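Both of the next two complexes hold chain A, though its partner changes from chain B to chain C.
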Partner chain A sequence: MFRVDGYPTHEYGDFKLRPGKPLPFGATIVAGGVNFSVFSRFATACDLVLFHRHEAEPFAIIPFPDSFRTGNVFAMTVFDLDYETIEYGYRMDGPFDPDAGHRFDRSKVLIDPYARSLSGRNVWGETPDWTTPTQFRSGIVPDDFDWQDDKPLEIPFGDLVIYEAHVRGFTRHPSSGVRHPGTYAALREKIPYLRDLGVNCLELMPVHEFDEFENSRRHPETGEMLLNYWGYGTIGFFAPKAGLAATGSLGMQVDEFKAMVADLHRNGIEIILDIVFNHTGEGNENGPTIGFRGIDNKTYYMLTPEGYYWNFSGCGNTLNCNNPMVRSMILDCLRAWVSEYHIDGFRFDLAAILGRDQFGAPMESPPLLETLAFDPILGKCKLIAEAWDAGGLYQVGSFPSWGRWAEWNGKYRDTLRDFLRGESGCVGPMAQRLAGSPDLYRWQQRDSHASVNFVTCHDGFTLHDLVSYDSKHNEANGENNADGCNDNRSWNCGEEGESIDPEVLALRHRQTRNALILLLLSQGVPMLLAGDEFAQTQHGNNNSYCHDTELSWLDWSRLPANRDLFRFVRLMIAFRRAHPVLRMPRFLDVVGHVADLRVPSLSWHGTEAWRPDFSSASRTLALLLCGERAQGGTEYIYVAANMHWEAHVFELPDLPGARWRIAVNTGIPAPEDIWPPREEPEPADPRSVLVGPRSVMVLLADRG
Partner chain B sequence: MLISDSSKKGVAVVSVMGRIDSTSSGELEKRLTSLLQRGEKRLILDLSDVDYMASAGLRVLLSTSKKSTALESRLVLAAPNEFIRQILTMTGFISYFSVFDDITAAVAAMSD
Partner chain C sequence: MTLSVSIESTSVVVTLPSRLDGTNAAEAETDLAPVLAAGRTVVIDAANCSYISSAGLRLLLILAKVLKPQGAKVLIAGMAPQLMEIMRITGFDHLFDFCETLGEARAAGV
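After this line comes the complex of A and B, so read on.
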């Protein structure tokens, strides 16, 4: 088709131009050239700066003619550009008046907030040339991946078993046995492992372009280089991090990333991205000017009346999420990840910030969160909030949801940890957590799928360390062990750190299994931390954000030694998937009697059947679930948790016509701690079971 | 980039020398497309002398491969060096193609 807009109307030096289209923002390949569009409310002028890849100096600086500006948008089409070999940036003119919130600096070449790729840190950990004035440049990417039939999987939320991993940490360790360690490509090689384990949702820690050298420093004593390894400090929300791609040095990270997504989907695994909209990698007024600060500081950041940066994120600045322009950037970004990358969902880091107004005050109905909840392109994707921030706003149970948002249930983690270590007064709260936290979510007419349950995540101890350390050991972070959370609710089982005492080790084995089993039997959506299935350790470090070393990388050589644990997790995940009653969307105590008129869907018990002991001194709790079997008929699942240091006899609920079988007993060493389907033994006494000290038993019965 | 074609046992072999990037990929696409339109049913792309393949190159391979399928022809890749093979693997493009270690193996497979 002939189009009149395929021809230039203007010239600048050797360059042929035409007024650009203001939408979409960013650099878009159009007939004959590339359309560049960028908005700034307060800039007075803007230049497009063009570079050849790998060359330090730009080959062209093209001012946007004033006639190319529409409102606050600078837009220009430049013809005959080889999008594959050029990179670009913008220079903005405007006031430098920090008191008024403006920090324009014409000497800086700024990245495009909508850049689909960024260069500058293409190879992870390669020491940057700090003398280069422009550390990052934007790249142009065609959106033409051949997805074939792929689309987001839309697995019902309650059926997910989420597995949280760091792209680099997952395969960087020499023991990982992959060809391109630490990359998206390597992650693809591990998909068979994930399938074997049985998880169906991979949640990746930040993959949006960040600078691993942000605040990089040497450990004062050891001299070790400390980086921003985790990556919470985004500079490009639309760009997958090149340094996490095996092809990053070739600028092919977008293809590599999409190939990973397609491969995960082919294997029935969803992908959720941890996305950090609460702050950027530009830090406070002493940080670098990379993009946002120089393009439109006052729009992008929450500023104090004096023009300094509010720090609700604990990371120097706060993205101004409820400014209408920033809101639309966030929406554009998420839409791009869903439509261009087929991402299945997002976990929003410090999401409480997304509900603060432009002055930092929490809002009743934050427009950003509402927009995301109702957006049609995001309509089926998972939205998970880390429902707190570093400014003291804690919204677990009260995060505005519109029936769409789920939460990282921090109270689940805390309760389970307390129950596990035998604290008093935990039986009542633990019952709430096992039931999907109705105390937190029922009042809003939400269901149990509002709750993402976890006992460990990247932030804090690994599960092995949770049962091996009473307190954090963060000396390697170079901050005198002052950083990281102190509220760990952990217990070392008798000896701090690694132990050879068989009793200590046996107890740790049990406690690890107890935690995993309660997690996987709870209503809600379980999330596992990568490596917990083979006892990954960080040697007591509960804040490994800065370590691009074996301290953080998954050590796959632990897998053979912990095969029993891996098998336990694999069978428990399979157990969860086999029994629909473990993942009911509606709160079961509301459901009442469904499958059996005599037995409610959910009932509580103690050492005596039908008599739970919720008293403060109690450390025993049993739960009976009754539901429809996947293959028809009625099934009963009985869970007896004894977190007391003494063994207790639990009377089994009498279910006429049903015979109990033992599926799990963490009080017995592997492999008899868990039984595969149809191999479960019957208890010696059909009326009661002896549950060992700090042990959990699961029994099954069915009828029909 | 230089392109030459020949025929081995009735199979068309297109040999490329140099870089397949955004400046050269258009020419390669034209050449492959014209062979397909001429009715070639079996086509081997000889990559033994290709030392770099950019994103545009991968796209030409993929789009031509799709064209060949539509025309009921078969396009295979032969003799990529280790670097090119890595690029194909890491970006996932390799899953779209049959790749042979050398021309002889490709010809043999095409003659089956």
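After this line comes the complex of A and C, so read on.
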């Protein structure tokens, strides 16, 4: 094919140029060169700044001729560039008038909002040279990975068991036994472990380029260098973080990331990315100018009438998500992650912000959320909202969904924690949570898959700490224990912190299993926090965002000591996956009959069969599910939860012709706390079971 | 010439330079034209190569992509372990057979 646009038309010094194509935005490899395109509504002029990798000074600064500008887009093709060895940035000229929302600074070399890679923090934790005026530069990456037959897995949402992990924390600890600790490559090495555990969806905390040195500081007492370890502070939405790649120093993080995705998919594991569109790593007016602020402050940020930054994120600024240009950037970004990286879904951090208008007011039908719900490229990917923000907008149960959006169900977490610690008045709410939270989602004709259920996540206590601490212990964060959530609903089981008291320990073991079992038996989509399956601890710290230390890293040496817990989780995940009635796509009905005309799909019981006690003083609840067995016929699953401090006899519902078998009893020490399939013993009395103090039993029966 | 190409009785041996990157990958691609056209088993002698950039890896992958459908094998001999590791981590390894020595690769390529 012959094309006449593969030849230069202009010259600037030694550089051969051509008016660029305004779309796509970013730096694109084209015939003979690289096409650079960047949008700014308010800039008056723009320079392309080119660097050789590892060199401090640029080797070229090429102004975009005015004739190369289309509308508000500066576009230029530069010929004969070696994309591997050059890096680039932009300088924007325009007004510095904060009152009017403009903060142009011609002295700054800015990163490209669409950069496919960034350099400047290629090796995690390497102290930056703060004297370098340009801390970050954009890179050019070919999108030509050899995916072979890979594509997103499209596992039905309700069949997922999500596992939330931090790339670095997952394998950085010396005990992880991997070759490249703390990297995408190391995560690949742990895939056999994930398979063994049985999870089929890995949700990664932020992997988009951020600066771990954002607000870095030394703890005044411990001397520890505190970093932005979690990574909620994106500077490059299109770029996987190089510092999390074993090959980041070679600039090959994109290929390494894709190889990880392909390997996860080969092993039947989906990948969901936690993506932080609510704010950027530029902070407020005192923060650094890295990109957005200098490219088009007024477009990218939500500003007060005085030109300051609205702070609905609690992180200094708020991305102006419902500005039409920012909307299209977000859409382009997600499309890139799905089409170029084969990502299976996204978890949107503080997603309520995505539904605020440009002045911060919540919208009825936010165009951004609607666009994402109906986008064809995102058409099969999972969209999960953290349905609240730091500005007080709490939308669990009311996040605009169009039948597409699911939510991190914060109320699930709160209810389960209260029920677990034996609070009064929790039986009714817990029944709603076990049923998939119809109280939150049914009124909108949403189904139980709107609910991502969890008891722990990165934010807050680990499960071990939830049953070991009454209150947070965040002194190591250097803020006098003032940071982090106070509403933990945790219970230390009798002693604060680590204990050697056998009774305390036995109770903690039980409570841990009780939490996990209720989570994995609830309708909706369960999410586990990485490490909870071997009792990971943060020693009571419920906000470990700044610790790149053993406080946050998964300690794999706890796995051998907690083999029983690991086995429990593994068998419970397998149990959930073996029984379709635990993950029904529609709300089960107390009056509906699917598999058995005499037994409803879902029914509530108490210590007496068919008579649940929803009274305030009640701490006992039993649930009977009835549905079609995977291999045909009918199955019954009965769950008796006794969160009272005394044992109770639960009368079993009488099912003529079916015999109950005990699958789980958290009141009994391992290994008899859970039975593998076909090894389940029958109860001594076929009519009732004794459920110990603060224990859960699961029985199953089948017919036909 | 960036690559030395020697046509042997059973295979074609391509010897990599000490560095294969964006500065010489284009020339290397020209050198490979007859190898691609021959459609025969190729042994890549990587014993003297200490660095392959992203562009170099792409070139090797293209070689394998063209030759493998024609039934030819593509073997890499004597590659430094750290380079092999980079290929594995970045997903460039799946079309190649790796051998420790050139002799082994020649034998395996038959």
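Note that in this section the second predicted complex is superposed on the first by the 702 of 704 C-alpha atoms of A that agree within 3 Å, B and C clash if a C-alpha of one lies under 4 Å from a C-alpha of the other, contacts with A are read in each partner's own complex, and residues count from 1 in each chain.
Note that a residue touches a chain if its C-beta (ideal position, glycine included) is under 8 Å from a C-beta of that chain, and two chains touch if they have at least 3 such contacts.
Owing to the predicted nature of the structure, the values given are computational and were not obtained by experimental measurement.
Colleague: Mind checking the superposed model to see whether chain B and chain C fit together on chain A or clash?
Modeller: clash
Colleague: Just checking: does A:574 make contact with chain B only, chain C only, both, or neither of them? Give me first, second, both or neither.
Modeller: After superposition on chain A, A:574 lies in contact with neither partner.
Colleague: Regarding the shared-chain residue A:247, is it in contact with chain B (first), chain C (second), both, or neither?
Modeller: Touch partners of A:247: chain B and chain C.
Colleague: Per the contact definition in the header, classify A:144: touching chain B only (first), chain C only (second), both, or neither.
Modeller: both
Colleague: Answer with first, second, both or neither: which of chain B and chain C does A:85 touch in the superposed model?
Modeller: both
Colleague: Under the contact definition given at the top, report the residues of chain A touching chain B in one complex and chain C in the other.
Modeller: In chain A, residues 82-85, 142, 144, 146, 179-180, 185, 188, 246-247, 250-252, 255-256, 258-259, 262 are touched by chain B and also by chain C.
Colleague: Please name which positions on chain A make contact with chain C in the complex.
Modeller: So the residues of chain A touching chain C come out as 82-85, 142, 144-146, 148, 179-180, 185, 188, 246-247, 250-252, 255-256, 258-259, 262.
Colleague: Sort out for me which residues of chain C touch chain A in the complex.
Modeller: Chain C reaches chain A through residues 21-23, 53-55, 57-58, 61, 65, 85-86, 89-92, 94-95.
Colleague: Across the complex, what residues on chain A touch chain B?
Modeller: Answer in residue numbers: 82-85, 142, 144, 146, 179-180, 183, 185, 188, 245-247, 250-252, 255-256, 258-260, 262-263.
Colleague: If you look only at chain B, which of its residues touch chain A in the complex?
Modeller: Listed in rising order, the residues of chain B that touch chain A are 21-23, 54-56, 58-59, 62, 66, 86-87, 89-93, 95-96.
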